[in-house]
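Shown next, in structure tokens, is the structure this report addresses.
So that you can tell them apart, the chains are marked A, B, C and D in the order they are listed, and the count of residues begins at 1 in each.
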Amino acid sequence: MNTKVKLNRAKLLISCPEKPGIIWTVTNFLLEHKANIVHFDQHTTNPQAGIFFMRIEFDLEEFDSTFEKLEKDLHVMAREYALDWQLSSNERRKRMAIFVSKADHCLTELIWRWKSNEIPVEIPMVISNHADLKELVEGYGIPFYHIPLSQETKEDAEQKVLELLKGKVDFIVLARYMQILSPNFISHYPKQIINIHHSFLPAFVGANPYVRAFNRGVKLIGATAHYVTNDLDEGPIIEQDVQRINHRYTVADLKTAGRHVEKRVLAEAVSWHVEDKVLVHGNKTIVFA
Amino acid sequence: MNTKVKLNRAKLLISCPEKPGIIWTVTNFLLEHKANIVHFDQHTTNPQAGIFFMRIEFDLEEFDSTFEKLEKDLHVMAREYALDWQLSSNERRKRMAIFVSKADHCLTELIWRWKSNEIPVEIPMVISNHADLKELVEGYGIPFYHIPLSQETKEDAEQKVLELLKGKVDFIVLARYMQILSPNFISHYPKQIINIHHSFLPAFVGANPYVRAFNRGVKLIGATAHYVTNDLDEGPIIEQDVQRINHRYTVADLKTAGRHVEKRVLAEAVSWHVEDKVLVHGNKTIVFA
Amino acid sequence: MNTKVKLNRAKLLISCPEKPGIIWTVTNFLLEHKANIVHFDQHTTNPQAGIFFMRIEFDLEEFDSTFEKLEKDLHVMAREYALDWQLSSNERRKRMAIFVSKADHCLTELIWRWKSNEIPVEIPMVISNHADLKELVEGYGIPFYHIPLSQETKEDAEQKVLELLKGKVDFIVLARYMQILSPNFISHYPKQIINIHHSFLPAFVGANPYVRAFNRGVKLIGATAHYVTNDLDEGPIIEQDVQRINHRYTVADLKTAGRHVEKRVLAEAVSWHVEDKVLVHGNKTIVFA
Amino acid sequence: MNTKVKLNRAKLLISCPEKPGIIWTVTNFLLEHKANIVHFDQHTTNPQAGIFFMRIEFDLEEFDSTFEKLEKDLHVMAREYALDWQLSSNERRKRMAIFVSKADHCLTELIWRWKSNEIPVEIPMVISNHADLKELVEGYGIPFYHIPLSQETKEDAEQKVLELLKGKVDFIVLARYMQILSPNFISHYPKQIINIHHSFLPAFVGANPYVRAFNRGVKLIGATAHYVTNDLDEGPIIEQDVQRINHRYTVADLKTAGRHVEKRVLAEAVSWHVEDKVLVHGNKTIVFA
């Protein structure tokens, strides 16, 4: 949910080795900077000796004067306490590139949530290996780049895409993009590429999940949004959901029904990413939703 | 749902190669036998050349005089039309053996639904490789047999169990029974053994699904009730459901939360089996629920 | 689900007083007309003396030659057996008018499902009491009529709308249309106007359901698609669903979250209506989904 | 979830008018008492001038020496900062009385979760206006009191019950107890009586919700656990859930299906209450689940 974006609000994500007083230290820091805490979420993998995760959403009364100061002081505190941190101001919208192939359901859902300000991002571009969705995308005033791709041209194509993205994009959403990205490409956007897989992972990793779901005779189909890593469909899961089906569903019906789960699950995951509600820990996520 | 069991009601399951007029043929047959159709369900894998499945629930006004006649005439029609059929009268309750190990949640749910007449069966016996649940079971007046089992004694133990069951039991429910049945054992009860697997199959086939769900970082856990075949966790799925979890759940929490899905899913599947709502086709089920 | 519309397929809906042999009679009739039954659904409110409902989907090999004959013969049978019936061929798409005000989420979903052939209808027009969505609608090549409306002009406005619809539209979808239709208007489209109410009816009948849900502190919000009758929010319910919320949701967040349930529930209900899967009985529906 | 109860763990609930530094103040206090925070949840109705709610779960290394000191110091801090607070140690189990009438499904579920240590309470007694469940309850070694009740004897009966409870019970669960408690009775256990209502409130307040759900033709039935106040079925909602039904369900089927939702929803709500995860604010709850 993100109905109305408050501009003088910021979000601080922290992870660090568990140690007594960490909450106090950070809240003290914010208090000194006159930050007013609105939401506070915390998780520890083990209160004795685990990793501590924290998300704080706070308002800044005098934003312009304090945000840079805040960042500078955070650097100091981070060194002292061995914190990993990420600070985002609502003033600066994240920039999201969408990769598509031919299917438009996930794209349409993302664009609708963007237009209705439900997902507060900028969309500097949509990139596709097919030209089919060009008109749809440009109809919304979003630049569309058609970068065809074959097994032989993949390296060049990815290079072209990287150049298009360079400096213009914070994260990438694979909205039913039917290509596997190379490790080199992924290394440019670690934990910043979100994919939607059309199954309830880890069931039906890989190709044709709906055909395999049909053959196995499952009673629910699902979809999984996850960060992309070098291991296909094995990255940290952000969100999953399922939909009840029955023996009457053909493979084609599964695909149709599945589209609605896919678009919903992907849009939720993107929302949380945009609102800095997701922390990655190894191959898992902590989602403060 | 099976709130009140009408005694003069019967259920007819039919499967056969698809051919025009099959519904007419069967309803004509029932009409001639003065059977009043209450529920009629049908499915075809392909209207041109597939397999046709049918479930009819009907009332018989003069039950005593016609049920045997009905069966005899069904034999004749079945030969002529190459039907597989199964006829059950509500007058005769199915006899269910429950196999358990140490966990009691699925057992308790089944017993409660049996006592409250929600699952209208007889329970001639509970069999276990441990003695832990003896008192609980006998407290309900149900015979409990403790048949210990090691890798070496498995064959003998299974033989003993088969003798106990012989002529007394129509189907078997593995209510978190932590042993793998041999192909020989299974061959005595084809499509008549229901297992509950503590994952959303085909995810996490085999041992320790909750540990593996924890490690994979899934956002939903599930349970699957299926008929037992020789391929572990690969038999026809009857029912599945899931439960939302989050990063706060430890493995122990997953086990606790999972119990509630397991018992619900197993009890639903058993209900449908008892009410003759499940037809098996290859490795899949048609469930007329 | 309606992935691929088979053109030589037809659907027959029947309701009549329960009487022995009704299924046989109808299947016999179809057999004589060389209709091959693909799906058969049936329901009775009481097998002894209730109302019987039936939905049959069937293929016609020689469609052109037999459909009119089928209708004529149905008339004869209907008289004899006191049947209410409705026959639809997939060859003729239903024509759906959409009424909107300012919100576009339900409209967008319906248009997407129409464009992707998931809801196989024609959309001859969209009608609104506001001009806001004109550009969106016309972008899809759909005629848009802006008919403003005040308390004083309501009667005239409705008259204008009725003239626009006349002979061009089979049913109407109120896709968050924020006006109450008069009994006179409704009488022109009995059981042919579908509304989406933004609550889990009968909770929060009337205005501002999200505000009232917030004040009551419910833990789930819902949406309800129903046929419109003269009693506000009291017509036969076609579909409902809910969405989990928590104490963090403001009224604005409820509205945002609710939109996704609304659009999904409405689109499902419209699908079923279009596929002739809904029968109305008094103030309730039988949905053969 | 409450798989394993750690004994040296405590939970602190705080509510107070929002004011900068409140999180810092409380965490500082805990730090000084060498409390190690394990879970921290927070909510504010309005970051500028609302009410602030906080739940902290923490471990105490030297429990015996510090718990009383902690309470004394909390008193001091509370006065200074106008805090409402509640401190619970896992060492002391809450004492829960269960009130029942004739239905046993909610009772059975609560007892099973208690026996399996999923709900870590003591059950000093079960009280009923009928004798039906006496044997069941006593079979678990729990005292059962049969206090019959008519319109005329209600005042006396409630008096008797209050005496039975006095000093022995912390909170009361109405597990399908079919009597309305008087304002006098309720005043003895403010926010400490949990009821399960067999509908999705505010739909079907009052008697016979399943009959009314059947007549209205809803597509989902529900259950609601709430704290009891003087306004029937109007108290703060703790948890709700729903179950999909269809036109085949009779009223009896709704009751059967509803039992499973009722018992699940009630048990969840009781779990959260026992784990001090529920704060009441006016007629609403904040649930840190």
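Operating definition for what follows: a contact is a pair of C-beta atoms (placed from the backbone, for glycine too) under 8 Å apart; a residue touches a chain by one contact, two chains touch by 3 or more.
What you are looking at is a predicted structure, and each value in this text was computed from that prediction instead of being measured.
Chains that touch both chain A and chain B: C, D.
With steps allowed only between chains in touch, the distance from chain A over to chain D comes to 1.
Contact tally for B-C versus C-D: the pair with more C-beta pairs in contact is C-D.
Farthest chain from chain A (centres taken as the mean of C-alpha atoms): B.
Between the Cα centres of chain B and chain C there is a gap of 37 Å.
Mean C-alpha positions place chain C and chain D at a centre distance of 42 Å.
Under the contact definition stated at the top, the residues of chain B that touch 2 or more other chains are 39, 248. By the touch criterion given at the top, residues 20-21, 23-24, 27-28, 30-31, 34, 36-42, 44, 47-48, 59 of chain A touch chain D in their complex. Taken together, the chain D residues at the contact with chain B in this complex read 1-4, 39, 104-105, 108, 112, 116, 118, 139, 248-250, 252-253, 255-257, 260, 264.
The part of chain C that touches chain D in the complex is made up of residues 43, 200-204, 215-220, 222, 236-242, 246-248, 283-287.
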